Structure formats: C-alpha cells, structure tokens
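Look at the two complexes coming up: chain A is in both, with chain B in one and chain C in the other.
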Partner chain A sequence: MKHELILLLKQRSMVLLVLLSLILTSLSLQNGWQNISHIRTQILHAQQEESLRKQDYLHSHQHDGTLDAGEIGYYLFHNVYHAPTEWSFIALGNRLVTPYVQRIRLLGLQGQLYDGESHHPEYVMLGSFDYAFWLVFFSPLLCIALLHDLRASEQQAQRLLFLNSLVAKPAHFWFKRALARWLLIVTTLTLPVIAFATLHALSTGPLLLVLVVTLLYTLFWTMVSAAISLHTRAVNASFNAMLLTSLWLCMTVILPNLAQLWCHARAPVQDGSQIALQHRQLVHGAWDLPKTDTLTPFYALYPQWRDTSPVIGRFHWKWYFAFQHMADVRLAPQVAAREQALMQRDQATQQLGWGLPGVWAQRQLEQLAQSNVAHLLAHRQQIEQFHTQLRHFVYPFLFEEQPFTAEDFQQLPTFKSTGAD
Partner chain B sequence: MTALLSIAQLSLRFAGRDILQQLALTLHAGEVVSVLGSNGAGKSTLLKSILGLHDAGVDQSGQILIAGLDIQQARPQALAQLAYVPEQPAVYGHLSAIENIGYFLRLAAVTPTMEISAYLDMVGLPAHAWQRPCSEYSKGMKQKVMLALALAKQAKLLLLDEPNSGLDPQATEELNQLILQCKKKGMGVLVVTHDVLSAMAFSDRLLMLANGQLQPVLLDQSTLTLDSLKQLYQGQA
Partner chain C sequence: MNASPVWTIACNEWRRWWHARVPALLLVVLLGLWGLAALAAHHHWQDHARTVADVTLRSQHDWQSQPDRHPHRVSHFGDFVAKPLHPLTVIEPGILDQSGHLVYLEAHRLNSANFNPATEATSLGRFPLMTPGMIVQWWMPLFLIMIAYATVTAEKLAGTLAYMRGNGTAAWQIATGKWLALFLPFLLLLCLQGLLVGLWSWHSDQAGLRLGLMLLAQVLYMAGWCGLVVAVSWWSRQLHAALLTLLLCWVCVCIIFPRGLANLAQVLHPTQPRTEAEYHAEIKLKTLGDSHHPNDPHFAGFKAQTLKLYGVSRTEDLPVNYNGLLMQEGERLTTAVYREQQALHDAQLAKQNAQIRHWLWLSPALAMQYVQMASSGNDLAHHQAFIRQAEVRRYQLIQYLNQIHTFKVNQAEDKDTRVDAAFWQNAPRPTVSLAGIDVSRTTLLASLLVLLGWIVLPCALLYKVSKRT
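For the complex of A and B:
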C-alpha cells in the first residue's frame, strides 16, 4: 500500500490535486464556520438589542408603575432565534435561506411567521459552499479524476502486460491501487475536518458521523469509478472519464432535481406568503364583523374568559387580540397541511437517499447540522409554543384587566431555542 | 536438465482464426532463442500465453512450463522464474531508475540480494542517472533499467519483446552485449524480434513463427541479402 501511495505522490499533478483538495476542503469548512459565526454574532447582537429595547420600553411606557397589557401585546416585539448547533457549519442547508432572527408580537402568528418567507434566489439556486456541498458535488469528481484511467493509463503506456507479468494476483494489485487512491481522497477530505474539530474543540460523536459519511460516500464513488475503469474493455481513459462524469451529473444533479420536481408535484406546498396574505385578509375582515362573531368562537376555545367584563365601545384590546388569534385558528388546517406536505417531501427525499448516495450523504450531514426540513418545522413549532406561552401570560391581564406591573413585565416569557449549543 | 521454457502442443484460437497451432518450443538455461515473424504472425500472442495471460474469447490449449511449473496451474510460482521486458520500456517517467526497480520488485514480492544500484551498475547505466526521473532517459537507458530489474528479480527466464526497436546502433550493440551477458549468467532468453541481424548476433537458435507454428531458420550472415530476408518472411527460406 505504501509503495502505491509513494508512486502516486511522486507525480507533481497528483500533489497539486491533493493540495487543491486539501485547500478546498478547508475553505468549505471555513466558509461554513464563518456563516455560522455570523449567525451566532447576529443572534448575540439581537439578544443584546432585545434586552435593551425591553428595558427602554419598560421605562418609557410605565404610567403610575403599571403598563398597558394591550400595548405590550401590540408594541413589544420578542425575538425568536433559529440558533445553530455546534456542527451546523458542516451543512448550512436551509439556514441561509430562512431567517435566523425573527421579531414577533402578540398579534396573529401566521401573519408574522411567513413575513420573511421569500428566499434569497442566489442561495436557493447555487447552494452555499460548505463541507456538505463540497463532499456531495465535488468529491465524486476527485474519485473520477484519480480512478478513471486506472487501467487505461497503463494500457496507454504499454505497461499493462508488463505489470500483469509481475504480479501474482492482478485482482489484488488493482484492488490495492484503487484502495491507495481512495485513501488519498479520504485523507484530503477528512484531515481538514479532524484538524478543524480539534482546533475548535468540537465533540467527537458528530465528528465520527462526518467521517463515516465521508468514507462511505467516497467509497461508493471509488467503487463505481474502479468498476468502470477496470472493466476489461475500459482501455480508453477519455471514454471512461466521459462515462463517469455523465454518471456523476445524473446522480448528483439531474436525478435529484427530477426527483425533487416529482416530490413537489406529489406533495404540493402552499406558499407561506399566501398564508400570510390570507391571515391579513381575515384580520382586516374582522374589523367589519360584529364583535360577537369573533368573541363567541374565541370564548368557545377559552371559556375561562367568557364571564369577564363585556367588550363595550368601538375598540378593546381583548377583542383585537381575539380576532388576531382566531385568524390563526382558521388558518390552522392550512398550516398543518403545509407542514404535512413538507414532511411528506422530506420523507420522500429520505427514501430517495437509498438510491442516490449524494442525497443520502447530504441528508446525513443536514441532520447532524440540524439544517433540514424536519428541524425547520421543529423550530416553527417552538415559535408557536412560545407565542402560545406569551398569549397565555398576557391574556389574564387583558381579559381580567389586571394591572400589569414592572415585576410582571420582567416575568414575560423569553424564547429559548432548543437547537442551540 | 529441466528446460526453463517448455511449450507443448500450444494451440490458440481467437475470433474464428487459428493464431497458434500445435506449437512446440523448448529453451534451456544459457540459451538465447529468437522468434522472428511478420506482423500479425502471433509473436505477441505467444508471449502473452507464456505469461499466462490471454484476452477474453481466446480458446487456448496445450501446456506451458516455466522451469517445470505450469503457468496456468502455478502462475505465481512460474512468474517468479521469469522477467518480461516489453517493447516500450515500462518504467514510470516520474520515478528514478532506483525507485522504479524498487517499486516493481515490491509488486513482484521479491527482495533483492544486492543494492539496486549494483544491478544498475551491472547493466551499465551511468551512476549520475540513477536518481534522475526516467522521463529524462533515452530508450536505451530505459531498456537497461528493465534488464537491471530482471537481474534484481533473479529471473531464470528472460522474455524480450522487440528489444532493439527504436534503438540507435550503439544502443543496439550495448543491448546485444547485455543479452549475451544474461546468457553467460545462465539465464534462458527468448527474444521476439524483427531485427534479424541483431538476432543473429546473440541467438543460439532462430525460429520463424508462421502459420501458427515455429520453424527453425538457418541463416548465414555473410550471404544475407534483402531478397533472402524477404523470402524468409514470406516463408520461402
């Protein structure tokens, strides 16, 4: 094995390829890390800003030591964070196209959740240069570059017969040659990952998973490349390279995209902005409805507030927040259907992973990075839970018209992202 | 005395055509045999058969023994007894002569009894070239590296495929001397060549491969003419 590696590394072109792979792997890790660091910094700034803003609100909105619960519900924004985990840098996934800091109020949630729905078109089209992208899309090309002419290069140099006359078991010899190349590829991919994990003192469990995914995925492409380049008729390096790159294009670009189109057609998902629009229409429409049209169904959901003082006059906060919430309630089936469709797509993609190794590798890394659809939906559920917690905290002050003190203000729930480190 | 190479009733058929027919050949230690033949006569096929290699779809029968070992039944042991030098020297251009021989010896699982440089010295490769990449070598120098490998491998049987092809007269003469040196060391040498004059210079026997069979050729260098060579290749010698 050692002599095969030496034979490889004595070639200047091979050394350049190894260096290039090492540099690009390191860059992909660094780029992922920088993006995640930026997200962390932004979240930290947002947390500091939120704390200052809330203190400022407390000082500027107090009247005789109390605050107006309705005004708190309307004017006070609460930050919700999609905090990255320790290994999120490995696969940025949806993190760059979905907001990692959102500001929500006590108003209807669905109108606020999808405010930032529009994805950055460049990110959606190109993806981001992280380790998952580098591994899934480019490492197969490394395998192809190193293995496509395994036999053909020797045939071309008229060395094939000579080599076969030297080795007792040709199959064993070719196996060792392919293995040496695979080891070289794996080293250029895993060495920077290990160094990076050591440098940043990252936990070893996820590191092992990244290494296993890298080993298995490159092994697949090494086996495919070796199988084609060692075929007895595979004596034309250009043909092998063309065949393998076509296969790469099919398996990493064309088939996953076609499969994605199929998944999208099979499980259509309503655009979030449509939900936001419908929410706004429901809210606007509620202003013109008799108040009982809002409050009767609301009190059916919250009977504990039914016997509180009636809503008199043109406006009352409890009526306002009731119709905000009822808009959420009316849209709940659509939101659930949307989430179910997203999960269906996700499950279909998971099944595709059994046939498309690139999809499998991408999903494993996104799962580890918590940047996949399932985690995105879990994050939305966290926001919904926080919004519910917030409503339930403020409702007694609204409906029972209790005074909202500075102490109560300090007790307001704050969002805690369970995905955070 | 056991023959170093013994071929009996070797027939080979490929794509509906008989390439070799009941071919027989015996080669002993210290003997140099040259096989002549026109293009497509089956010289390379014969070498492949001796090496125990043949393409898919080839129908082969007969027996080939290398130092008494059947190439089909005991290929690893039989291969250890021989060294094959192809027409285009098989060295890796980015490695030096010493690195090339070291690599090939590892592939053959052979531990040399002397330093590799000693074998290079034996074949007359200048010392200043030993550590230089082989891409800078002439073809003659590369052939010397291949012969040094054969010596380092301690092969009993040397198979040479068109050894003089592309060599200038001086390099040809040097190579001829090296072949005779191998003969003196007791190696059996089988040469497949077009170069009748060189073959006459170092061979104990000349054989013509025609119609799938080997026929002995008797030539006298003093009476050799272009016409007699043409007749030889047309099977009229």
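For the complex of A and C:
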C-alpha cells in the first residue's frame, strides 16, 4: 500500500492534481463560510437595530405613557430571522435565495410571508461554490481521472502481461491499487474539512457525518471507475474515460433533471401568486362587507372576545385586525395543501436518493446545513407561531380596549430563531 | 493554392467518424438529449407562461370588478403585475426560476418581485437545469471533445500527418480541413435549432434580432471549441493526453469558472438584506416630511403654498380635497426615496456584474450564456427593466387615484364617500411589456468581445503548434 502511494505521488501530474483538489476544496469551504458569516453579521446587525428601532417607536408614538395598540399592529415591524446553523456553510442550498431577515407586522401573514430577498438572481442561478457542490460534482471527476486507466496504462507501458504473470493474487493487487487511489482522493477532500473544523472549533458530530458522506460517495465512484477500468477488455483508456464521463453526466445532470420533472408532475404545487391574489381580495373585500360578516366567524374562533363592545362606527382596529386574520384563516387549507405538496416533493427526493448517490449526498449535506425546503417550511411555521404569539399578545388591548402602557410594550414578544446556534 | 485538399481532409474525417461508429453514435445521442432538453424546457416555459397568463387575467378581473370605493382604498387594494416572458425562454430560461415573477403595486410601498420556484426547490433543484441553451453551452463542447480529441493526434501517431506534410499539403490546409469537419455538423445543428425556434417564435418581439444574436454567440462559441480541439489534438503526443487536457479545459471553462466568478463577486460585493433598505427608506422619509405630523416643516410649507395658490385661509375652504393633495405630495416624496433605494440596490448589483465582466474572458461559456440570457430576456437587465416599468405604472396609477381623491371626493365627508367604479375601470394601467434587448447592451458587448477573443486564441495556438510538425 505504501509503495502504491509512493508510486502515485512520484508522477508530477498526480501531485498537481492532488494540490489542485486540496486548494479547491479549501476554497469551497471558505466560500461557504464567507456567505454564512455575511448572513450572520447581517442578522446580528438587524437584531441590534431592531431593539433600537423599537425604543425609537416607543418614544415617538407614546401619548401620556400609553400607546395605541392598533397603531402598534399597523406601524411596528418585527424582525424574523432565518439564522444559519453551525454547519450551514457546508451546503448553502436555498439559503442563497431565502430572505434571512424579514419584517412582519400584525397584518395578514400570507401577504407578508413570501417577500423576496434582494440577492443577485444571476448569482443564484449559477449556483454556489460550496463543499456540497464540490463533493457531488467534482469528486467523481477526480475518481475518474485517477482510476479510469488502471489496466490500460499498464497495457500502454507494455507491463500488463508481465504484471499478471508476477502477482500471485491479481485481485488483491488491483484492489490495493484502487484503494490507494481512493485513499488519496479521500484525503484531499477530508483533510481540508477536518482542518477547517478544528480551526473554527466546530462540533464533531456533524463533522463525522460529513466525513461519512464523503467516504461513501467517493467510494461509490471509486468502485464504478474501478469496475469499468478493470474490465478484462478495458485496455483503451480513452474509451474508459469517455464512458465514465458519460456516466457522470448521466448521474449528475440527466437523471436529477428527469427526477425533478417527475417529482413536479407527481406533486403539483399551486403557484404562490394565487395565494397572494386571493389574500388581497379577502383583505380588501372585507372593507365593503358588513362588519358582522367578519366578526361572527372571528368570534367563533375567539369566543373570549365575543362579548366585547360591538363595532358600530366606520372603523375600529379590532375589526380591522379581525379581517386581516380571517383572510389567513380562509387561505389556511390552500397553504397547507401547498406545504404538503412541497413536503411530498422532498420525500420523493429522499427516496430518489437511494438510487442516485449524488442526490443522496447533496440531500444529506443539506439536511445537516438545514438549507432544504423542509427547513424553509419549518421556518415559515416558526414565523406563523410568532405571528400568532404577537396577535394573542395584542388582542386583549384591542378587544377590551385596555391601555397599552410603555411597560406592556417592553413585554412584546420577539422572534426566537431555533435554528441559531 | 486551392481549397480542394481542405475539403478532402474534411470528408476523410467524416468517413472516419462513420467507420469508427462511436462518433456517429455520440452525435445521435446528442440529438436525443437535445430533444429531451427541448421537451423539458418547453414544459417549463409553458408552466411559467400559464402562471403569468393566469395572474394577469385574475388581476385584471379583480381590478375591474371592484365596487364603488374610496380612492385611497383602491390605492391600497393595489394592482398585481406579472413579468412577461419571451418565447426564446424555451432555449435559455436564465434567471426565470430565481427572480420573482409577481410584483404587488400599492400606495407608498415598493414591494419586491416575489414567488420564485428556486426558494422552494428540493435538493434536486441544486443540479444544473437541462435546457437547449445548456446543451449548447456544456454538452456540445463535451461531445465534440469525445468525438474528435484524436483528430490530429491519431494522424500523427499513424504517421499520416508527416506523410501529408511531405506531400506538400500546407499546415493551414490540414488545420482548416479538420476544423471544418468538426465545425460544420455543429453549425448545421445550431442553424437547425435556430430555424425551428425561429419558426415557432417569429411573431414575438424582436425575434429576428434576439435569435440572430443568440445564434451568432452560439456559432462563435462552437467555432472556438472546434479550433481548440484541433489545436490541442495537434499539440498532444498521445491520444490520452489530448483527451485529458481537453476535458480539463471543459471542466474549467464550463463549470468551475462561471460558478467561481459569481461567488467571487458575491463575496467581494455582498448585497444588503432588503429589510435594511426598506428601513433606511423609511428613516429618510421621516426626515423629509411626515404628513401625519401637524407641525412637520415640509408639510407646513406645503399647506401654506397650497392655501396661497387657491387664495384661501383654511384648508376647509379649498375648492378641492386637501387630503387628496396631501396624498399626492406624500406619494411624490415616498416614490423619490424608494426609487433612490432601488437605484442604490441596482448599483450594488452592477458592481457585482462589473466584477464578473472583468474576469469574463476566463469563461467563454459564461459569455455565451450571458448572450443567451439577454436574447431570451431572462437576464438581470431585463428583470430590472421590468421592475422599473412596474414602478412607473404604480406611480401613475396611485397618482391618478390621488387625483380622484382630490377632485371627486368632498373633503367634509371624505371618509364616507364612495366613488363610482367606472373610475377604476378607466384607470391608466399600461401593459407591462418585455424590455428591448438594448437594456443588456453592456453585457452583450463584453460577451461578444470575449467570444471573438475565444476564436482568436485557438487560431494562435494552432498557428504555433502546426509549425512544429
């Protein structure tokens, strides 16, 4: 084994390839880290700003020590954060597109939940250069480069017959050769990861998972490459290279694309714009309806406010926030159906992962980084819970018309991101 | 000096492809993949086009069926516009999935373009999309490499190259013959694709210009690759070395550099979160003037000016609705600030673009993709033009409503008035159309320059290596 490695590293092109791989792996890690730390800084900044802004609001909207609860609902924005976890840098996933800081107020949630982020769309389209991409796309190419000509190179150097006559157990010999190459590939991939994890003092559990995914995924490609290059008739290195490259394209582009088409056909998702349009219609239509049309179903949900003073005048905040909420309630079945369809797609992706190692590796890393659609949905649910918490906090002041004091203002709930480390 | 040896060499090359079977087979596979990609892309386009049509129809219906309302209610009811699609999206969807396709236009708010499928994509969404554009950008060069990496090296190894040279065939003739043999089939494929798509989308906006530019870029791109393959094949002493060198070039040019460049730009010039921009705009608005604040200097001045204009002493005596005038002034201010914020954001993205353009020569594949995206109306410039158009429409519409508020609503009973629905039905809501291709002028120029350089490079290399043998 040692001799095999020495033999390998004596070739100058091999040393270059190993160095290149080491550098690019480190770059991919660093790039992911940069992206995530940018998100972290922005979130930290927004958190600091938020408390300042709330104090500012308190000062400017206070009249004799009390505030108007309706105005708080309408004018006061609360930040919600999609915080990255410790290992999010390993796979940026949909963190490239999802907003990491959003502002929510007490109005209907469905009108606010889908606000876009100001990212560069072309950048998102080209995709991130993170470890997941590097592993899923490039480690197969490394395997192919190192293993496609196991027999063919010996044949070319006219040593193949000689070798076959020398070694007692050819299988053992070729196994050692392939193993040495796999070890080299694994080293170039895992060494930077381990160094990076040590440098930033990251937790070891996820590190082990990353290492296992890396080992298994490269092992798969090593085995495929070795199987093809050790085939008895595989003495044409170029043919092997072409065959393996085609296989690589099949596994990393064609099949995932077909799988995605199948997934989308199997679990169709209503376009979000339909929800937005209906939400608007429900919210604004309520202005033209008799107030009881809104309040009766609302009081059915919140019987505790049923006996509060009736809304007689042209406008009252409690009626206003009631119809905002009722729009969300009416849309809830559609939103749930959308969520379910998206989860179905995610489940289907997981199942496809058993047949497509690339998809499997990508998904494993995204699960670890919490940057998958399932995490986005969980985040949206968190926002919804926070919104509910806010509503329940403000409702007593609206419906019972209690004075909203500066002290109450300090008690307003703030968003706690469970994703944060 | 006649051209017939060139032609003979090209024909011989094709004969070899036919006899070796593998190249011919690869071409057939490429065609099959192209068909698959075209089907998938067409499905994708249809899906989007249907969404856009649905949204436009529904938005129009909702708008027109509004009852009698107070104008300010209508300006908060707002309007939805969907981003129009060019049929050439079928070839290159570009940022279609990444940029939102729906903007909500309402009074004193600048909303983002929302709903992009990329946000809700599963892990499968992280794999590159298969489209006809991608076939040209990635797969044609790759298949070209696999078909023809041996084109000159094999002749060299078999000794026929030296024989031909000894017979007096000039190096340029051999190179041109080989290059033609590689290039013509791909040219045929590209023209065929152009013709089919042209027939399918001839009625669309600027179809000729857009398709022409796209085809030009594709032809230049493939011409460069053919040149590179011939040059590397001539330069290599071994078949295997030729293949590996070409594959390495392909990986760098098509995959590593585009992603690397985009990531570099993002790391060097990171974008601010949208919420920050919104907050800064609000702060700025407060310093400019707060119409809710009775003693605000800006609005006090505005009031005095208005009273003077109409020659009255109290707002109640004005012949028009003062609230409506306030709304107009307020909208003017907020719009100015929001547009400024939008310009700042655009400038931020422009910085990233400039960074990428600076290094674009590294990746002709990216340059070609830029041309494809610009031609199909799916690049950043077109998206920004759409946002600008939507913003203009928003401002016109809101100010129209504010004018109705000023002139048709009696100030004394302002809040209880409903204005006839006919006014909304006649509101100015110009159709948002796809911007002309000249919005992407800078990108197009830079990309085409890079592509021109891309064909010069292999020629220079070829000139050098052909002297060697």
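Following the convention adopted for this analysis, the second predicted complex is superposed on the first by the 413 of 421 C-alpha atoms of A that agree within 3 Å, B and C clash if a C-alpha of one lies under 4 Å from a C-alpha of the other, contacts with A are read in each partner's own complex, and residues count from 1 in each chain.
We take it that contacts are C-beta pairs under 8 Å (C-beta built on N, C-alpha and C of every residue); 3 or more make two chains touch, one makes a residue touch a chain.
Predicted, not measured: the structure shown is a model, and the values here were computed from it.
Q: Given the alignment on chain A, is it a clash or a fit between chain B and chain C?
A: They fit: once the shared chain is superposed, the two partners occupy separate space.
Q: In degrees, to the nearest 10, note the angle that opens at the C-alpha centre of chain A toward the centres of chain B and chain C.
A: So the C-alpha centres give an angle of 90 degrees.
Q: In the superposed arrangement, does chain B or chain C reach more residues of chain A?
A: When the residues of chain A touched by each partner are counted, C comes out ahead.
Q: Tell me which partner A:E401 touches in the superposition: chain B (first), chain C (second), both or neither.
A: neither
Q: With both complexes superposed on chain A, which partner does A:E384 reach: first (chain B), second (chain C), both or neither?
A: So A:E384 meets neither chain B nor chain C here.
Q: Considering only touches as defined above, state whether A:R280 meets chain B (first), chain C (second), both or neither.
A: The answer is second: A:R280 touches chain C but not chain B.
Q: Determine, under the contact definition given at the top, whether A:D68 touches first (chain B), second (chain C), both, or neither.
A: Neither chain B nor chain C is touched by A:D68.
Q: Counting only touches as set out at the top, which of chain B and chain C does A:H3 meet: first, second, both, neither?
A: After superposing on A, A:H3 lies in contact with chain B but is clear of chain C.
Q: Looking at the overlay, does A:D293 come into contact with chain B only (first), chain C only (second), both, or neither?
A: neither
Q: After the two structures are laid over each other on chain A, how near do the C-alpha atoms of chain B and chain C get, in Å?
A: Closest C-alpha pair between chain B and chain C: 15 Å.
Q: Per the definitions at the top, what is the overlap between the chain A residues touching chain B and those touching chain C?
A: Common interface on chain A, chain B vs chain C: nothing in common.
Q: Please name which positions on chain A make contact with chain C in the complex.
A: Chain A reaches chain C through residues 24, 27, 31, 34-35, 38, 42, 45-46, 49, 53, 77, 79, 93-94, 96-103, 114-129, 132-133, 137, 141, 145, 149, 156, 237-239, 241-242, 245-246, 249, 252-254, 256-257, 259-261, 263, 269, 271-274, 276-277, 280-281, 284, 287-288, 314-315, 342, 345-346, 348-349, 352-353, 358-359, 362-363, 366, 372-373, 376.
Q: Given the complex with chain A, which residues does chain C contribute to the contact?
A: Interface residues on the chain C side: 22, 33, 36, 40, 43, 51, 54-55, 58-59, 62, 67, 69, 73, 76-78, 80, 82, 94-95, 97-102, 104, 111-116, 118-130, 139, 142, 146, 149-150, 239-240, 243-244, 247, 251, 255-256, 258-263, 265-267, 270-279, 345, 349, 352-353, 366, 373, 379-380, 383, 415-416.
Q: Can you tell me which positions in chain B touch chain A when the two form their complex?
A: Checking each residue of chain B against chain A gives 47-48, 51, 53, 55-56, 75-76, 79-80, 82, 84-88, 90, 92, 94-95, 99, 102-104, 106-109, 159.
Q: For the complex, give me every residue of chain A touching chain B.
A: Residues of chain A touching chain B: 3, 6-7, 10-12, 157-159, 161-169, 173, 232.
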